[in-house]
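Next come two complexes built around chain A: one with chain B, the other with chain C.
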Partner chain A sequence: MKRITALWIITGLIIFQLMVIFGILMRLGQAGLINVDPLRHFQILTLHGLGMVGILFPLAMAGVNYFLTRYVNSPLWPNATGYLFTVIGIVLILFTVFIGGLHTGWYFLYPLPYFARTEQWATILFLISIAILGTGWFIWSAGMLGSILKRYPLFRALGWHHIAGITEPNTPPFILILTTTLIGVITCLIAGVALIILWIMEIINMGNPGWLDPLLMKNLTFLFGHTLVNEMLYLGVASVYELFPSFADKPPYRTKSYVAIAWNLIPLVVLFAYFHHLYMDFVQPLTFQFIGQIASWIAPIPAVAVTLFTVLNTVYGSRVRWDMSVSFFFLGILFWMIGGVGAILDATIANNFILHNTLWVPAHFHTYNLLGNVFFTCGYISYFIAEGGVNSRGMSWLPFLISIFGFGFILMFYISGAYSVPRRYNFYPDIVSTGRLLAGWGAIFATFVFILFALFSVYVISASIKILWDRGK
Partner chain B sequence: MIIIIFMFLAILTSDAFCYTEEYAYINKNVPDISIDSLEGSFRLSEIVSKKPVLMTFIYTRCPQACYVYLNRLSEFFKKREIFYNVAVMSFDPRDSLDDMGKLRQILATNWIFGISKDIEALLREVGFEYKEVDGNYDHPFLLVALDRDLKIVRRVKDFDGIEIIPQIEKDLRGEFTPRSKFQKGGFLSCFRYDPATGDLRISWGYLLILIPPILTSLVVGVISVLSRSLHG
Partner chain C sequence: MIQKKNIIIIMHKPMPGSIVLWIFLIVGIIIILVFWSVYRKSRDGSRHISNPEKIRLVIFLGIALISAIYTIFTLPKNPYFSYAEKLPDKVILVEARMFNWNLSGPVDDIRPGDVVEFRVTSSDVNHGFGLYNPEGIIIAQVQAMPGYENRLRVRFEKPGNYTILCMEYCGAAHSYMSGKISVR
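Up next is the complex of A and B:
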């Protein structure tokens, strides 16, 4: 498991850095500092979104799979299948975008791909890529869930006895969070399957285009996409719960009843939170919009609030060893909370009416993805290489420096959003010229972030290569 | 894997993975052909620069159908104030301006009636296909709305009622035109709307969204049982 985790880290960081470069290119183009062909811009936008989720999700999975072996005997084959399918899927996506010219955005909203200036085969190859990624991740998730349930009966893995007030036997929070998250992952992957089947039906039914209900397709797309990104964050949080107490020389966390309630609520609440993506769809009934708003407000309470309380409680009055790993985790939690506030603001119907099509949206999701989820991943990676004998104590400044430039980068998005600078524009006309200036600053901050992550990647990859080739361990 | 196999089958079984319907033509530029009309010779761009154009294609030797079709249009337009030009183009090389003049007399309209030596180039771009059968033509009734930049903003193949005209006019104005292929009701629509009562009822499509959580419960149940039985 150690070697395949090292392989994941090497592959993941290389692809992540590549996607960061694409992100910087987009901001430079929006700033007017370089000339990016409009079609190319949207191809890069599509690739950046897909590529980031396409690699960060399995990278987070690799981390939790590694720590899962502390509790259960987790077989290697689901992980290896996930790796194989992910690599094939991402290569196909690269091919789809750069050769096929797909530029519909990750959400490929029906019937957008049929209007797109895309090679005709690109849409179908794209769907195949998504199907391959989804299949690999489904096998991996089911494999991990199976290995958990071999040791823990379902009610124990979900900590239901803790909710009932029974304290023993303790369900480790890591197992609880991972189980609820994997259930959520399976749900959204099934939604992805349903979505792809409908696309296939549409393709087969070509003589009658527009056969499907766009509202249904949009619901399924965001049930799949929004939920997957949410669950990706929770995978990172599982690592936080697993590792954080050890940094403060405290015993492992025990599952309290409120923690069990919180994490059992998550799969349910997240299922409804995605409705906030459909506020602009006037045909969606108003009741559903309100459900979306309420679910979006409730969703952060169990996850963010409980986790934040737990982590702060651990740090307070403790002698924390502030190495690279703990710094990434701690800052990741803080930025996750900040991004969550940005998300709640946007998920409020009255605000969404103004913010929905502005750069506020990339602002909040870059906060909890780049500075939240990526930080969680970097946290476990730092821990992983430290376990492999590489001491990162001398580099504990790195997460703080990335935070400063990273915050500068996302701040440009937030300010742009507040100025109503639209998103999904390749270039800002004079009427929103503020967007150009802020995009330029965003690109500068992002370049520093890239350099610092490159430093981290070189350091980590060289250590991971050693682990990968160390057959003795 | 089943999905992937299905997708390959979809590719193999489809004639061409391409929407040849209306969607594929929207925003497409048409060639700036020269047109000989009863008012003189113009480039198409000169005509659309004054007003957008709603164009249709016929042939004057048509025994009946073209006349019925044009009559329905002219009866409708007589009662309507329009902000665009209607252009009737012949796709039959045998048609002359005289033939088009006679057609205008029959219809008694002020539309543009024209012929063009470049008509084939235009027909290709708007997707108008026809075939000759015993001196007559088998052809669709095609309406193409062109904006002032010679772009197709709407294309209606197999015109089957004047009800579509107000929608086309909205498109020509650049207004939002909600339209659904499910107007007659579709199996997978999320809701059914009753225009008489204003009631919105949940339909089969929305139930489909419940499938992922239901299937997940089944999948988790199966994994749980299998894991325990294998373990036990």
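Up next is the complex of A and C:
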């Protein structure tokens, strides 16, 4: 398990850094500092979105899979299958984008691929590569869930006996959160399967394009995409519950009734939050619109009252060893919360009317992902290499510096969004020309973020290579 | 009826993005200060919160209350019912097509104060009809989806040149897909 985790870390960080470079190129192009052909810009955009989620999701999975060995006989071959399918999927996506010219964005919103200047084979290959990623992750999620259920019956893994007031045997919070998250992952992967099947049926039905309902396809696309990235974050949160008490020399957390209620509720509510992607489709049933806002607002309440408070209560007044790992986790939770504020403001219909598809959207999800999810991942990576004997106590300045420049990078998105600069533009017309200047600053901040992550990567990859080749253990 | 009047006032002037930005920054700074103060008390191991579960309950109820109040106030302020109680002064049909906006109806005859209904659709892929005021701030938007017609009502307050930009990625020339509406 150690070796495959090390392999994930090496592969994941290299692909992540490559995707950061693509991101910086886009911001430089938007600022007018370099000249990027529009077609090339949107190819990079597509690759950046797919590549980031395509590698950060399994990297988060690799972390929880590693910690799962503390409780159950953690699955190795589904993990290896996940690795193989992820690498093949990402290579195929690279191929479809740069050779096939695919530039539909991550969401290939029906019926865009038909009309975009993309080779037909590239669209088909693209669907295949998404199917490969989805299959690999499905096998992996099901494998992990299966190994949990071998040891804990479902009602115990979900902590239902705690909801009923029974305290023993206690379900570790890590198992509880991982179980509900994996069920959520499997649910949204099923939505992904439905989406791909419909696409394939449409392609077979080539003589009669326009056979599918664009509103249904849009709902499925966001049920799949939004839920997946949401669940990705909860994988990181599971690691927080697992590791945080040890950082402060406290006993492991125990699942209390409200923890069980919260973590049974969150993945369910999150399934309905995706409706906020369709606020500006006035033909969507009104009830869905209102459920979207209510679900988006309910989801963070347990996150704040349960997870945030628990972590702050653990740190407050304790003697914490502030090494790189705990710093990444602590700052990750901070930015998870800040990103949440940006998210629920946008998930309010009245605000969404002016913020929808402006740069406010990448602002909030970069806060979640770059400074939330990636920080959780870097946190467990630092912990992993520390277990391998590489101490990082003198390096807690690194997460802090990344936070400063990262927040600068993200703030440029927020300001742009508030001033109506639209997202997914390769060039900002005069009416929204403020976007150009802010893109320039965004690129500068992002470059510093890249350099700092490169330092981190060199540090942990060299340690991971040692673990990978250490056949004795 | 009173409620509908409120909707008119609010949607006529949507919450400016700059105010949303300030709310975000103020709440964000409060969160950073909370984390900072907790971090400062994390080195000597000398303190602990005496009754954490009580504080947790207060936080839970506080946030739930704020969320409930916010939802009750904001849910009615949505664009779906804007100016629903009256007939629009003008109706303009909008057909989005890569990479143009085809407007038909009294496009050159919009006066300040007119409530205009845009009936928005697309003849190819998904687009987004984003209406920018002369200062470059978005005042209203709706999606243009093939096979569907979204109706958006907007009151034009000030004379001037309003710009239409595409708000849903629609292909390589997405950033260049713009249109104009003159109000005079």
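Keep in mind that, in the parts below, the second predicted complex is superposed on the first by the 471 of 473 C-alpha atoms of A that agree within 3 Å, B and C clash if a C-alpha of one lies under 4 Å from a C-alpha of the other, contacts with A are read in each partner's own complex, and residues count from 1 in each chain.
Methods note: a contact is a pair of C-beta atoms (placed from the backbone, for glycine too) under 8 Å apart; a residue touches a chain by one contact, two chains touch by 3 or more.
Source: prediction; values computed, not measured.
By the touch criterion defined above, A:356 lies against chain C but remains apart from chain B after alignment on the C-alpha atoms of chain A. More residues of chain A lie in contact with C than with the other chain of the pair chain B and chain C. With both structures placed on the common chain, the touch criterion links A:425 to chain C but leaves chain B unconnected. In the superposition on chain A, A:312 makes contact with chain C only, while chain B stays out of contact range.
Applying the stated contact rule after C-alpha superposition, one finds that A:294 touches chain C and leaves chain B untouched. After overlaying the two complexes on the shared chain, residue contacts for A:389 are found with neither chain B nor chain C. By the touch criterion defined above, A:111 reaches both chain B and chain C.
Common to the chain B and chain C interfaces on chain A are residues 111, 114-115, 210, 213, 215, 283.
Put simply, chain C touches chain A in their complex at residues 10-11, 14-18, 20-21, 23-24, 27-28, 31-32, 34-35, 38-39, 41-49, 52, 55-56, 59-60, 63-64, 67, 70-71, 74-75, 77-80, 98, 124-126, 128, 130, 132, 136-143, 145-152, 163, 165-176, 178.
Chain A meets chain C in the complex at residues 38-39, 42, 103, 105, 109, 111-112, 114-117, 210, 213-215, 218, 248, 258, 280-283, 286, 289-290, 293-294, 297-298, 300-301, 304-306, 309, 312-313, 315-320, 322, 330, 334, 337-338, 341-342, 345, 348-351, 353-358, 360, 414-415, 417-420, 422, 424-429, 431-434. Contact residues of chain B toward chain A in the complex are 1, 3-4, 6-8, 10-11, 13-19, 21, 23-24, 26, 180-182, 186, 188-191, 200, 205-206, 208-209, 211-213, 215-216, 219-220, 223-224, 226-228, 230-231. Listed in rising order, the residues of chain A touching chain B in the complex are 111, 114-115, 120-121, 123-124, 127-128, 131-132, 134-135, 142, 145-147, 149-151, 153-154, 183, 186-188, 190-191, 193-194, 196-198, 200, 203-204, 206, 208-213, 215-216, 219-220, 223, 271, 283, 285.
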